[in-house]
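A, B and C are the chain letters, set down in written order, and residue numbers restart from 1 in every chain.
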Amino acid sequence: MLIKLMKHEFRATSRIILPLFLVILVLSFGMSFVVRNGENVTNPVLETLVVIIAAAYFISLAAVFIVLLVLMINRFRSNLLSDEGYVMFTLPVSVHQLVWSKIIVSCAWCAVTIVVVGLSGFIVAFDLSFMDQFRAAFAELWQKLNVYYALNGTAIVIEALILFFVAYAAGCLEFYSAMAVGYSFDRRKVLMSVVFFFGFQFVMQFIASVAMLGFNLEEFMNNLFYNFGAMSSIHLFFGISILCTIIYGAIFYVITTQMLQKRLNIE
Amino acid sequence: MTWSFQNDTPIYAQLIHTMKQQIVAGVYATGEKLPSVRDLAAEAGVNPNTMQRALTELEREGLMYSQRTAGRFVTEDRNMIEAAKKALAEEQVKRFLTAMTGLGYEISDIIALLEQEENKGDVSCQQS
Amino acid sequence: MSAILECNKLSKRYGTVEALNSVDLTIQPGKIVGLLGPNGSGKTTLIKLANGLLTPSEGELLIQGEKPGRVSHSLVSYLPERTSIPLWMTVDQLLDFYSDFYKDFQRTAAVQMLENLSINTKQKIKELSKGTREKVQLTMVMSRKALLYLLDEPIGGVDPAARDYILNTIISNYNPDASVIISTHLIADVEQVLDEVIFISKGLILLQSTVDEIREEKGVSVDALFREVFKC
């Protein structure tokens, strides 16, 4: 059933975000032309066109991230907390499956967005000399890391990716839980959601700062390096970060699912 | 689409009445197979359970019979239908008489009125 | 036969407002039941509780002996008070949606019903009129072979032709193992399709009886009795 929920969630979201990806890729080709020939253009009409393309390109890049955020928030709100909720919450699925389908699809779009933006950068900069230099520098750095510091670069990249997506999912859940609480009120649902979002932020930062009181990251890392060696301590650092983020997300997950199960209040 | 009903008597009783009229009038011919309960209910716009109850009653009275697999049929006994027709007619007459006596007419006056009506023309008589 | 829906001392409060007050109720299979009461009497609250959209304050509500949840959702077909199908979908996508989630969804029957209503399934639901959207959702709800149909105000605010269509759909989908609960305040319109009626007022069940019993014993229609009971 989770797969089916995700299928329809993809259907609902792809109609908005896919056209935007297409726009970015088309503009990338335009931008690619601008980067290569922009300085040689003398015709005033073409000059204006160059400016417009460049502006549109950067706006589209910014827009895709905004759409990603808005879509994440709005799908949860419109699909679960407004009229459509009558249909969604009476499907033979659990509340957990509903929430997970939203998280997974949002994470998936985030990943696709990163790939599309990367691809767009590649289109724009392909074959340019600075790109080659950049690539060479990166390869060198990679090799040095692996050889001199005996780091496993691949493992670190994987760990960083896991951390990124766990953090993204936890971020989604923070928005979801604020809305799940805000929409349980009879009136001023949106306002209450915003209030609870900042409330949660404040509480979590307060807890974190209390927990970090007397905690010195540099000292901690030095201790780790000293006790476990460079490689292990970086893995450990990632491990602890991932764990903390999971706990952070889990708190909001519990709030979200409990509110949806016990205090659902669709108009 | 739906049949109309009076407010003061049970719907199944009204269904029985209407079905009888339809059989007598030949809407459903002697020995004809009747539509399913669900279709009849849909036609009348009533609950299938109510229609079922009416049909069971009509079966009990002998105006219909059902065969286990083939369905439900109007009786082939013409005498039975004739008797039902007579009963309906008597009921109409009684109702008419009650209304007329309520207006203060004597039976003889009523007969005179009916004859007068008949002489007015053939049209109205043929219709009734 | 075991009850399809059962309420035991079911109460629901919103803050201090008592929407349902210790309701005991049993619905048997094969019945079309009218849940009748003025606005704000607790009809929608009861139906929402049966769909797990609300949690009881006290007591319990069971569907086939189980609390509302994934299992009951697969047995119950629910028409909410408000049209709530996703507007961005085309009718075809909505058919996909119902086929995917409900094993008992009869897609061919639904397509046939939509055709009878001359609704183009390629069209987006957003582009349909309010009345047509209602009919589309009703088609989805009635095209399931469910055990219990919960129809919340299905005939409120529709034109007479649509009302006849709705009642006809309910009758022709009748199944002796299933039950239908129709909540409404427009009794005259539904009276003839009902087996039983439940009068509800201020969160209390005032009466549960068959339509024939009311007409036979009191010699009045349910509508007339309703007007008498709820006289202002």
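One rule holds in what follows: a contact is a pair of C-beta atoms (placed from the backbone, for glycine too) under 8 Å apart; a residue touches a chain by one contact, two chains touch by 3 or more.
Here the structure is a predicted model, which means the values were calculated and not measured.
Participant: Per-chain Cα mean versus the mean over all protein Cα atoms: which chain has them closest together?
Facilitator: That would be chain C.
Participant: Measuring between Cα centroids, what's the chain most distant from chain A?
Facilitator: Result for max centroid distance from chain A is chain B.
Participant: Report, in whole Å, the distance between the mean C-alpha point of chain B and the mean C-alpha point of chain C.
Facilitator: 34
Participant: Any idea how many Å lie between the Cα centroids of chain A and chain C?
Facilitator: Centre-to-centre distance between chain A and chain C: 42 Å.
Participant: Could you grab the centroid distance between chain A and chain B? Build each centroid from C-alpha atoms only and quote it in angstrom.
Facilitator: 74
Participant: Could you please specify the touching residues of chain C with respect to chain A in the complex?
Facilitator: Those in contact with chain A are residues 14, 51-55, 69-71, 73-74, 76, 78, 80, 82-86, 88-89, 93, 96-97, 100-102.
Participant: In the complex, go through chain C and note every residue touching chain B.
Facilitator: Those residues of chain C that touch chain B are 30-32, 164, 167-168, 171-172, 174, 191-195, 211-212, 215-216, 219-221, 223-224.
Participant: Show me the residue ranges of chain B that touch chain C in the complex, using the header's touch definition.
Facilitator: My answer: residues 1-2, 5, 7-12, 38, 41-42, 44-50, 53.
Participant: For chain A, which residues count as touching chain C in their complex?
Facilitator: Touch list, chain A to chain C: 1, 4, 7-8, 11-12, 15, 79, 83-87, 89-94, 186, 261-264, 266-267.
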